[in-house]
Structure formats: C-alpha cells, structure tokens
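What follows is chain A paired twice: with chain B in the first complex and chain C in the second.
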Partner chain A sequence: MKDSSKSIKYIEKEKLGAFIAELQKEYVVIAPKKVKEFVLFEIIRENEKPVLDFRNSRQSPKEFFFPQTENIVEYEGIIDKRVPLTRDTEMQKRIIFGIRPCDIRSILILDKLFINEDYVDSYYKRLRDNTLLFAYGCNEPRTTCFCSSFGIGPFEEKGTDGFLTDLGDGYLVEGFSEEAKKAIANLPDAAKETIEKKEKCKKLSNERAASSVPIDTIPEKLRTMFEHPLWEDITERCLGCGVCTYLCPTCHCFDIQDEMIDEKGRRVKNWDSCMFPIFTLHGSGHQPRELRYQRMRQRIMHKFNYYDDNFGIIACSGCGRCVTECPVNIDVREILNKIKKS
Partner chain B sequence: MENTEKKIREVAQKLLKDKKVNLVIGFEKGTLPWKSRPVFIRKHEDADKLVWNQFCENNLAVYIPFYKKMLDKGNTIAVIAKGCDARSLILHVQENVAKREQLIIIGVPCEGMLDRRKIEKEVAPGEITKIILKDDSVTIKTEKEETEQKQSNFLSDDCIMCTHRKPVVYDELIVVNIKEPPGVKRETILNEFEKKDPQDRWKYFSEEVSRCIRCYACRNACPGCYCNECFVDCSQPQWIGTTVDSETDLQLFQIIRTFHLAGRCVNCGSCSRACPMDIDISLLVSKLSQDSKQFFNYETGLEIDDMPMLNKYSEDDSNEGFFEEH
Partner chain C sequence: MKRNPYIPIDVKVDKIRFETDDKLIKTFDLVFLDKKDEEEFMYFPGQFAELSILGKGESPIGIASSPTEPGFLRFTVMKVGVVTTALHNFDEGAIMGVRGPLGNWYPIEEMKGKNIVIVGGGFAFTTLRSLLIYMLDKKNRKDYGDITCIYGARSPGLLCYRDELAEWEKRKDMSLYQCIDWKFGPKGPLEEAAVEGWEPINLKEPVKTKLKPGSKKFTAFVPQLVSAVKPGAKDSYAIVCGPPIMIKFTIPVLTELGFPPERIINSLENRMKCGIGKCGRCNIGPKYVCKDGPVFSLKELEKLPKEY
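And then the complex of A and B:
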C-alpha cells in the first residue's frame, strides 16, 4: 500500500554522515551528541556524526526554542539616552534530528502557551517557525518512561516533520511535511520489507511501553486538593533544587534580568524554577509560596491541573527525566498514583 | 547489610517508643533500582521502613537546617549517619544550627556507596532493571543481560578517598564489621591532577563548569550550604550574573561556593552525585580539604568542642598563600 501523503526512504547507517553533510548545506543540524557519558542535543559541526544509540538525552532539546538564557533587547548609551540595538530577525533554517516523540509532544505543549490567540511570543515563534523536527522512534523505551500515560507512544508521529526508525543496519526515514520530503528527496526509496520491519519495531515497542500511570482523573481530582496533607508528605525529602524543572521538557517559567556593563546593557530572559525559594519573591519581601510544600504543590498543580484548565492539555509528556535525576528520588509517577488514591 | 538494617530499625524504634526523639531521618527503599532515599519517621511502628545498603548515598545532615524551627522549640532529631553525615552534623552543632543534645547520631560504619553512573556506564546502552547486592558482589540486571561484579568496581570516587568511614562522634553506634574497600589517598588523585600544566587544569575546570545549568542541586544537596540567602540569589547587591551564557558567572558560582566550604566540607560527594550534568565538582572541594589538612591540620566535623577552621586563629597557622609578594 502506497501512502502518497508521505515519502518513505531508507539510509544505511554508514551513509548517515554523508546525509547529515548534505542537510548541512541548507540547514543547521541539531542532533544528539555524546557529552562525557551522556547525550545532549547540540549543533553538529562539519564532519561530525550524531550519536543515535541512546535511550534519551539528559536534557530535552527545549532550549532550542526556549533558551535558558535569551536576550530580549540589547542597548547602549547612558541613562535617558539609551538606544536599543536592532535584533537580527533572519535566521538559518534548522533541523532537529533524532528528537524523541515525548520531546515533540512537549514542544506541542509549549506551543499552546507561547503561540496562542491571545499572545504570541515572537522569540519562541521565530525559532519554532524555522525548525524542522525529525523524530526518532524509541525501539527501547527507558524503564522510567511513561509517555503512554498521555495518549502518545514511542512511535508517535503527531507534530513531526519527519520520522526516523532504527532498523539495525540502517534507518527508515519518513518525510511528512513538504519541506521534510524535500530534505530527504535524494535518499533511495525504502523497500516494502523495510517498511514492514518498522511496523514490527513499532508494535514491539508499544507493548514495551505499556507501563503507565492512570492519568485520566488526575486534573479533576486535583481541583479539590489544594489543601491536602499529601503535599507536605511528598515534599519532606525535597531539597528545593531545580533538577526536575530544568530537565523537564515542558517547564517554561522564566525570570527577567537587566545586565549592564559600562554603557552596554541587555534585558535577558532566564529559566526560573518554582522549586527555588526566591521564585516569585515580591519586591516587598513577601513570598506567596513560602514553604517547600507550597512550591511542590505549585509544580504538580501547574502541570496536571492549571495547564489542563488553560490549554486543554497536561504539561507532562512522561519522559521520566525528573524521575531518574532527582537527587532524592522524588518520583512523579508515585505522586500521581498517590493523588489518584487520595 | 541485613544485620545492620535490623539493628538500625531496633535503635530507631526504641528511640521513638521511649519518646527520646521526635523524628528519625534515615533511608527507605526508593523507586529506582539504584536508589535508597531519605525517609522521615515519626512513629515507632514505621521504623521497619528503614533500610541500609550501598545506595544510601545522600548526606542526611542536609535536612537539619530545614528543621530549625522545630529544633528551636526544643525537639530532638535522630539521624542515621555514615561517617560523612556525622561529620556534617558536628559542623551544624559547631555553627549553632542545632544543639548537640538535640541531635541523636545513630552512627553506621560505611563501606562506601556505589556510583550509579558507573553502573549505568557498565551496562549502557542497556537499562538497569534490578540490582542485587550480596557480600562484596553486585548483580546488575538489564532487560537482556545479567552481570555480576565486585562492588568495589563501582565505588563512588569520594568514597574511595574517604578518611572516616566510621562516625567519629555518635550517640548510638551500630556495631558491625565492615570490609575496608580499596582506598586511594586524596593526595594521590590530586597530585595526578596537579602535575598538569595550569592551562590544562583550567581547561578541564572550565569545560566541566561550562555544562552547569544552575539548577543548584550541588548547593542544595550540600549540608554545608544552608545560608538563608545564597550569594547567587542575592539581588541587592547582585554579586553574580544569572545567565548561563557567561562562562565567568558559571565559574564564579562554583569557585565561590567551594571557598564558602573551606574547612566545612566533609567530602561526602553529595554535590557531584546531585549534579545532573555530571560536573566533577568534587575535585575542587577535594583540593580545599587537602589544603585545610596541610596548612591548618584541620579536618571538618571531628571534634565537637572545636571551632570551624576559619573561625579561629593561631599564631602557628600557615601563612602560605597569604599576601605573597611577586
């Protein structure tokens, strides 16, 4: 059966480098790279090959749309005579290659906030508009993955421009959007057996990723739980660091700072974390969420209730990063199960 | 290990039952194969939750400053303490976070904790599904394979360099025979690094620190970092920039944090373990501990009546590094 809405190509593993080099003629290629013993998404330099034998990257590629530090405006001159410097709005097109489906879902979640009918964040939109997303199916989901809780799976295609599947000797490369089809046009067409092989991978992986957290009633349940002993109970071991929020692919709170050195200055947007004691600290010294459990409550409520209320989607994609990296093993899956039971 | 666990539970249970303490901080089984996690026990019947194994890696003294109000009311807290935890607790007493009599230190001699990153590396890209610890072996199961190795292959770097496995100051000591893991002296590791050119050392440090995402997990996991307002959070005046695109600010954060720990660090390795970007923070603080020992013959948290290193002055103190003319 031929599906004309997409193009299906195949590339042998040893030819990946050449393909990336081809893409680099037109695009900045962002792909997984090995850093010490883990993997991060970075810009691939010339003659560099992405690392594709990974489960998931330590941090998601969120920073390519919502950078941890981003200049909003730069200016120079003395007080009262400040001149804003013009921003470069042109940018080279980018491809994020090898992004996992959970991280694609997270970008779709962020889209609702940064690009909606009331407000468009031009910084985010510019980066989003100029980036193609080539997803990478998870043949072997991590033991801490729970994406299937959110109606997606290790081979979810929604939101992608193209899709990559590891078939052992090579990759099946699918193009969905017109631009993605164009980008892979020079690759040879995939044989029928190869396409069938992908379907097998997908089926196998979907079965593996069956472990999930029952999420359906959580947003409604939380509505009545603002005052609840659960919050103090789950917070007692929390150290109040920013690991969970800074590794989270959907957390999006930020702080704005002015920096001035001599006569040059900038207004800059930095990631912020609701787990920090100075998060939303008022100028008066008043702290609306003074206690650790109130901050924990904010994080869980924001993800699983407020965001759902505001945008109709839960702000979690089940990537499991907060689960594996929390220094004291605060496990959001366990928290969700507790909410469900309480 | 099981024997140790049983003894810990008995001691905790008795303390709670006799109302000697209001809270016991220890470890319980975590949700991940490589993790035992902090637990807070208030009822004697819950003491059976307590576990003891080589994944009890957190320094539990880190929680004491959170209970300042509770301590001010005269409550008492018991802590299941490895050598390093106990030293940090002594630091807290010396710095007036808690009164000595309000802390019941349940000392547990420690064989060193296992580094989950080392275990992960061993089986990568496989995924750890189960870990079984028995005697001095560790069996690591992944979805497809199983491998059995010596625990000592995976000892955390800081535990390899540990100088005080048995708590020095304690109220209750869990008496167990521990096997001394193969230790490497701190000097040996540092000397290796110090042989490099200054440029290479700086390159290593700045590359490590360039990955910092300022989540402050190192700071928050550290029992010595409990300032009401950390210098990085202070906005009036602002001591340090908050961005991650300034290498200087990232370096400054690590360097100043390290100096704040001079004579206060117990080399528990919590900072490095907590770091989600695998930054080798231990190396810096390790050097500082070596200097404390070398110049002031001082080790943190060994004597209850002693003052922290930088709080006291002696005419015999080394002047090396001070006001040197060039």
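And then the complex of A and C:
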C-alpha cells in the first residue's frame, strides 16, 4: 500500500556526499561531524560529508535554535546616548540532517517555552521557522537512553520534516512535510523490500529501547515532595559543575549580559545554569537557593513537575547525556526511581 | 506586529532627584522619545519594567508612577549594583531604555467597593505609591472605600516621597500613619520617641496603644503600628510591600485582625533577567515572579513552596 502523505526514497551510502551537495544549493546543511573525539552538529562545508556512524552526538543541536551566546541588541556610542541598532533579519534556510528523535522531542519541548501566547522569543522563532529537521532513527539505542519513558521511541516521527534510516548499504529517506518532499524529490523511490527492512529495524530497536523508568506518576508525586530528605541524599556527591544543564537538550535557562569592545557593544543571551548559586542571588545578598540540594531540587522539579504544570509536557526526552557525562556518575534514572519509591 | 520583548524602548531621563537623606535612593522620571511608544506602554499599579542601560545591563524596578499621571514613567532606585550605579551617575537628558510593562498588577478591579489598607516599608513603597495615586485620582476615588496607609522606614530621612506624604497627611479621604524604627539601647529598643515628634507606641503590647486623635507619626516597627492602628478587616484588602522581615511579621498581625489570605496581597521580588518567563531564574515552584507575579495573594503563596 502506498502512503501518499509521504515520499519514500533511497540513497546509497556512497552517494550521500552528492545528495548533501545538492541540498547545499538551497540550504545551509547542519549535520554531525567528527570534532576531535566527539561527534558534534556543525555546518557542513562544501565537499564535506556528515558522519552518520554515531549513536548520539555529545551535544544536541539545541544551539542552532538557542545558541550558547546570541546577540539580542547591538549598539554603539557613549553610554548616555545609546539606542539599539536595527538588525537585518534575513536568513538562509537551513536543514538539520541526522538529528536523533530524542533531540527532536527536546525542540518540541523548547517550542512551548519560547513560542507561546504570553511572549514569543523572536530570535528562537526565526531560527526555528527557517530550519527543516531530518531525523535519524536509532538502530542501536545506548544503554543510557530512556526516550521510551516519554512516549517516544528510537523511530519517533513527530515534529520531523523527514526521516533517515541506516539500512546498511544505504539510507531510507522519508519526506513528510511538503518542503522536505521537495528537497528529496530527485532521489530514487525506495523499493518495497527496503521499506520493509526499515520496519524490521524499527521493531527491533523499539524492543531494545523499552523503558526501565516508568515516568507516569512522577509529576504528580513530586507535587508533595518539595520538603523531603531525598534531595539532600541525591545531592551528596554532586559537584555543582552544571555539565548536566549545559548538555541537556531541554535546559533553557539563560543570562543576559552586556559587553563592549571599543565603542561597539552587544547585549547577549548566554546559557546559564540553575546549578550555580549566582543564578538566583539577589542584589541585596539574599539567596533563595543557598544550598546545593536546593539547586538540585530546582533542576529535577523544573523538568519533571513545574514544566509539566506550565506546558503539559515533561522537560526531558531521555537522551541520557546527563547520565553519561556526569563526572560523579549521578544518574537521573536512579533519581526518578527513588522518587517513585519514596 | 508585536514588539520584540527583548528590545528596550528609547526614553530620556527627564528629571532626577534624591529621594532619601542617605543619597542612596534617587527618583528618575523618564519620558518616551517616541509618542507612539508612550501610547503603547499601557500599565497598571504594581507592574514593573526592566531599566536598560546599553553596555551595563538591566535592572527590574517597580513602576512608581500611576497611569493616571501620563507623560512620564517614574522609578525610585537604590544604588546597588552595576546598572543602578550607572543610572545614579546619569545626568538629566541621558538616553536609556525601558522594557515593559512587565508582570501582573494589584487587583484594582477586584478591590472596587472595598476598604484598602496599604502597608509599606522602606523604599519598597514605589508601586504602593502608584496604587495610592491611582485610587486617589478624582475619577477613581469613589470606586474604593476607606483608604488607610501605614508606611515606615528606619528614620524620617529614609521615607520616600516626603512631599506627597505631607499632602496625604492633610487629606480627608484617606488616613496616613507613618513610623520610624526604635532607637536601640544595650538591652534592646528604647521605649521613647526615636526622633522628636515621632510618638512611641506601646512597645511590649502594640495592640494596647491608645492612638490620640490627630497623631500620625510614630516610633514603631511597621507590624507593630499595624497592630496599634487595627485597621478593620471587614470588606478590606491589605496590600503589603516591604523588606522580607517586615512582611514576615506583618502577615500574622493582619491574619489576627481577620484578613483572609485571599485579601492579603503581596508584591515579591527575585533575581530576574528576561522579565518574560523564559530565562528560568525567578520561579517559586511553577510560578515565575516576573510573569505570573510580582503580585500574589497570600492564598496563592500558601500553595507555593517556601523558596523566596
């Protein structure tokens, strides 16, 4: 049966470079690249090929929508005469290729915060509106993955424009949105067998990614747990380094800072972290979150209770980066299990 | 198209004056460079704005002017950090920015027909001034019942808006009670006037103080003066704004007087950056002080974790 709502194409692995080059005529292509020992999302330059034999990138492509440092106002001149300079808002269309489904979910989570009826973050929206997302199914979920806890799986399609599946010799390339279909129109149609092969991959992977952490009751449970000995217990070995928040694809907290070089200045949004005491320090010296466990509590509460309260979705996609990169092996899945049991 | 909420609106510093004798607090009147911006800047008493100095940063400050006095925005600012110091160093005529109006406001609609008790301390009186001016406005005064204002500071020279306090003192359509802190001896507060003319209340049992008719200036802590004045709770709202210690001791007094939590209104502050509920730092539980507040009823606060 042919599904007319999407187009299903196939590309041999050796032809990927040529396909990317084709896309680059119209799009800035962002895809995983090997940078030292890490796989990171970067802009693919001419004649460069993305690296697609990775399980997940060290950082999610969050920074392409919510950059680590982003200019929001530019200005010049002497201090008591400065007004914002107007900036050009034209931008070239982009395509992010090879983003994992958990990281797509994370973007959908961030959308709720940055684009809502209260206020729209126009910087985020502009980047979001001009970017196509081509997801990449996970044939081999990592042991630290727990996306299925959040009702998504290694082949989740929600929020994607297109989908890529590694089938050994080549990739199945599916286009869902009109623009994605157009972008892949020149690729040959996939044979029936290849489509079936993808379904097998998907089934196998879904089984492997079956969740170890049932999350359903957590938001409700946390509602009564603000005062609880658990917070001090789970924070005991935390160094407060904040790496969990910097690598988290859903962490959205930021600082606003001004900086001047000679007569030119800019005001920027910078990633920030609730794990740092200065995050909440008042000018008067008053500190609502003085102790590290209070900051840990904020991080967990924000993701698993407050965000759900405000936007109806948990601010975690189960990518497992905070688990793999924590220098003292704090595992959020263990924390969630403890919450369930307490 | 909706305005980009991160871009400050251009304003000129029109007037600057010292507000307190310690010279740490100044009041700034800002005027919009573009008349259209002024029309769009629709605000209510209790809201705040980010004062923006490009190259230095931003500082969230309550709006002290009232929408009933058009033509300028007033901010009373203590010199504390980088931005407020730069602001204090400005001369009249300087160009700067504001972002706002931000946050919610005092429940001016809900309070119609009710008696209003305003309780303020120190330089947190700013948005309370806005509210008072709003309610005392000719068009609005009839919408509210009795208006009582209890306002204190550490010393007479630290009270804000002293010219206006003197006017309000004379008004027949409101009651103003002011106080200054006790003088301290080696064994604690001394039961005497801290400054001549500032009558001491009953220190041990403030509630037993006999207020002489006509006396309006006292030596007392704000919560004690509330006990002594005993504003009626029936059909009344209490609006409380001041340092945390004042709020902490005022709330039990109001509760004792019979004010229910839904009619005790507080204005909170927290460290803020964006002011629009995105940057993630000013939350108390799931509520953001910048967007869901800064005004919360005690009833609302009772549902939130005690993390402020």
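Everything that follows uses one rule, which is that the second predicted complex is superposed on the first by the 340 of 342 C-alpha atoms of A that agree within 3 Å, B and C clash if a C-alpha of one lies under 4 Å from a C-alpha of the other, contacts with A are read in each partner's own complex, and residues count from 1 in each chain.
Rule of thumb we're sticking to: contacts are C-beta pairs under 8 Å (C-beta built on N, C-alpha and C of every residue); 3 or more make two chains touch, one makes a residue touch a chain.
Being a predicted model, the structure only gives us computed values, none of them experimental.
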Worksheet item: With both structures lined up on chain A, is it a clash or a fit for chain B and chain C?
Response: fit
Discussion item. Once chain A of both complexes is superposed, is A:E26 in touch with chain B (first), chain C (second), both, or neither?
Written reply: neither
Worksheet entry | Which superposed partner A:Q68 touches (first chain B, second chain C, both, neither) | first
Worksheet item: Does the superposition put A:E290 against chain B (first), chain C (second), both, or neither?
Response: neither
Worksheet item: Which partner does A:E196 reach: the first (chain B), the second (chain C), both, or neither?
Response: neither
Discussion item. According to the stated criteria, A:D169 is in contact with first (chain B), second (chain C), both, or neither; which is it?
Written reply: neither
Discussion item. Tell me the angle subtended at the Cα centre of chain A by the Cα centres of chain B and chain C, rounded to the nearest 10 °.
Written reply: 90
Practice prompt. Pick one for A:Q257: touches chain B only (first), chain C only (second), both, or neither.
Written response: both
Worksheet item: For A:N310, is the partner it touches chain B (first), chain C (second), both, or none of the two (neither)?
Response: second
Item to complete: Determine, under the contact definition given at the top, whether A:E220 touches first (chain B), second (chain C), both, or neither.
Response: neither
Discussion item. Between chain B and chain C, once the two complexes are placed on the common chain, what is the minimum CA to CA distance in Å?
Written reply: 7
Worksheet, complete the sentence: Where chain B and chain C land on the same part of chain A: residues 255, 257
Discussion item. Quick check on the complex: what are the chain A residues that touch chain C?
Written reply: 72-73, 75, 79-84, 113-114, 118-123, 226-227, 252-258, 260, 265, 267, 269, 272, 274, 279-284, 286, 288-289, 294, 298, 301-302, 305-306, 309-310
Fill in: Parts of chain A lying in touch with chain B, wherever the complex brings them together
35-38, 53-55, 58-59, 68-69, 140, 142-144, 236-237, 239-243, 245-247, 255, 257, 259, 268, 270, 273, 276-278, 292, 323-325, 327-329, 331, 333-334
Discussion item. So in the complex, the part of chain B that touches chain A is made up of which residues?
Written reply: 30-32, 35, 37-40, 58, 62-63, 66, 117, 120-121, 124-125, 127-129, 143, 211, 213-217, 219-221, 233, 241-245, 270, 273-274, 276-278
Worksheet item: Can you list the chain C residues touching chain A in their complex?
Response: 2, 4-8, 10, 13, 53-58, 80-81, 84, 86, 90-91, 93-97, 244, 269-271, 273-274, 276-286, 291, 305, 307-308
